[in-house]
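Next, two complexes with chain A in common: one pairs it with chain B, the other with chain C.
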Partner chain A sequence: MSVEEVSQKLETVSVSDDTPKTVLTDSNNFEVKHPLNSKWTLWYTKPAVDKSESWSDLLRPVTSFETVEEFWAIIQNIPEPHELPLKSDYHVFRGDIRPEWEDTANSKGGKWSFQIRSKGSEIDELWLRTLLAVIGETIDEEESEINGVVLSIRKGGNKFALWTKSENEQALRNIGAKFKQVLKLTEDGHLEFYPHSSANNRNAQPTITL
Partner chain B sequence: MYKYTIDELLQLKPSETLVANFDAVDFRAIIEKVKQLQSLKEEEFAHHGGHGHFNRRRSSHHHAGRPKVKHNKPKVTTDSEGWSTLDNKKDVAEESEVVDGATTTAAGTTSNGNTRSSPVPSATIAQETLKVRPNNKNIGSSRPADTKDIVADKQIHGFNAFAALESDEDDE
Partner chain C sequence: EEEEEIDDGSMTVSKLLERLKEVPPIDDIYSFKYPEGIEGPNPIYKKENVKYTYGPTFILQFKDRFKVKADKAWIQSTGSKVVIPVGMNKSNKSSREP
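Take a look at the complex of A and B:
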């Protein structure tokens, strides 16, 4: 086939416009969205600046998302953890579950907890990794043990907490082991599990330590 | 069940900033306002350093303690006969004033328990002076500012029952 013939053929070939646009091909007008397994809600706890403010005044849902694209749009527009004022909390919880241990979905469960002293970009990266592992469901068991995840910005050290719906020890150990990998913990770093039933006890000891 | 690994989700991160499905500007503004309020509080606290307006009670560790009163060592002289004499002229002067104005002598204490007297002029000048500085910090309190006040407040005239009986008889 001569060059002229090839050129003529190319002119007749037309690329179909029916190919759906993804977030990677057109970030403004993409049509294909990647669905998540659940709807998730981002909550924010505002630090109290006035003594009259109660817990219910401070804890507010910010927005919800059901797709990967919606998730990234939110992450790009909210302050990163290192930008948050002290005593702030970010919560990402499944569906309509409130980030409170009194919620019926949480009351029989507990939380894997880890406190980290590092600040700045490291905490941003670990929080993002935790979120991705949770919404991507790779950290969870088949029967969705995880209800949500919390990041608490504190002076003494930032806290990560992975909330579960039950105290099923085997499931918790599996989740805890994966959570350690997500947080890039070494042998020295210990995760502690506290059941919500002991939330009122300040001297409560963890029931599982990994 | 939809599952995405961390790497898969990172690959789906758009290079350009997407528009969020909520009022992100308002959300960021709230957070900025909280940060400003927190920094103002911190500045205020740092300015006062945890003292001043926040702690109006005076700290106890700033007290210098009691005023130092210098006591001269009592001078003891021993003569050729072995008599030791305590030369405490101030005490003597005070005593002489207390005992009915009579001129008394200084009491010398000896090592073997004996005493001997030696005449002392009535116009003896005290060798020892009490150096007491009034503490201005205590002026506003119930504590006396000066040790002299303690003496002034002391009740000098007690109730004398005999004197009272005598006065009754006189009345009759």
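Take a look at the complex of A and C:
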């Protein structure tokens, strides 16, 4: 065997010996991907510019993703929350669940809701923390309860809402406690749970407060 | 607007989506060996019936190591769906920012 052949052989050996490359070491030539446990869909609500626009004109799916790699590619290339206009929302929902309480996957559930005064980069960070906890499945229960998460950009304060598929109180309390940590809430910050069944009632009171 | 897109070899969203179709998923992320300097997924987040769970620290490592550029085709098909009506942008900026 010539010297060349030997070194070639060694090269192939050392390559095949390595664990496959991920995007963390090679963005272009990675060999494996990091799947998420679910497919997720990013939705966007555009603020209305004239009264003829209906809810269905404003709420649109943007794209779906099912790997950690796709998640970052999207996040890096869409506006950050601080760049969004008032009356817009980002929604990230599991699979094909629509971010509407009428969707059968949502209708028996509700949402943990929190209105926050933070703006600018703080809101960007909290939204990212929320997304990581949701898509990484670390905020959810063993039997998945979380259907999606919504960020609403509003004048009186931005709103975070974590949508659940049921009103199972113990599961909701566990999720709510973790959600408070994700949002870095202290003792005086209260999360409120509203069942979707009261979504049409303007005077609805939260059924659980944490 | 009509500028030619220059391929400087960096990863674009469209290229990434193509590549992701070709490569297999990691089967067990908790036993996968990451090179030095990368922290593998923390097993405290393991669940019995949920195969893929990732702690925030793990996913956050991608943020600076993995950069993907939006290309024209992706912006047209997808990125442009996040519409910011003219004159409405940045109304939510923090007053502390310049």
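Here is the rule we go by: the second predicted complex is superposed on the first by the 191 of 210 C-alpha atoms of A that agree within 3 Å, B and C clash if a C-alpha of one lies under 4 Å from a C-alpha of the other, contacts with A are read in each partner's own complex, and residues count from 1 in each chain.
Following the convention adopted for this analysis, a residue touches a chain if its C-beta (ideal position, glycine included) is under 8 Å from a C-beta of that chain, and two chains touch if they have at least 3 such contacts.
Because the structure is a prediction, the values reported are computed rather than measured.
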item: Overlay on chain A: chain C relative to chain B, clash or fit; value: clash
item: Touching partner for A:E122 - first (chain B), second (chain C), both, neither; value: second
item: Touched partner set for A:N37, first chain B, second chain C, both or neither; value: both
item: Touched partner set for A:K108, first chain B, second chain C, both or neither; value: neither
item: More chain A residues in contact [chain B versus chain C]; value: C
item: First (chain B), second (chain C), both or neither touched by A:I153; value: second
item: Touched partner set for A:K178, first chain B, second chain C, both or neither; value: neither
item: Contacts on chain A seen with chain B and repeated with chain C across the two complexes; value: 23-24, 27-28, 34-37, 44, 46-47, 49, 62-63, 68-74, 76-79, 83-86, 88, 129, 132-133, 135-138, 142
item: Complex contacts: residues of chain A adjacent to chain B; value: 23-24, 27-28, 34-37, 44, 46-47, 49, 62-63, 65, 68-74, 76-79, 83-86, 88, 129, 132-133, 135-138, 142, 182
item: Chain C-touching residues of chain A, taken from the complex the two chains share; value: 19, 22-25, 27-28, 30-37, 44, 46-47, 49, 60-63, 67-74, 76-79, 81-86, 88, 119-123, 129, 132-133, 135-138, 140, 142-144, 153, 158
item: Complex contact set, residues of chain C against chain A; value: 9-11, 13, 15-17, 19-20, 23-26, 29, 32-35, 38, 45, 47-56, 58-63, 65-70, 74-75, 78-79, 81-85, 88-97
item: Touching residues (chain side chain B, partner chain A) in the complex; value: 1-6, 8-10, 12-22, 24, 27-28, 30-31, 34-35, 37-38
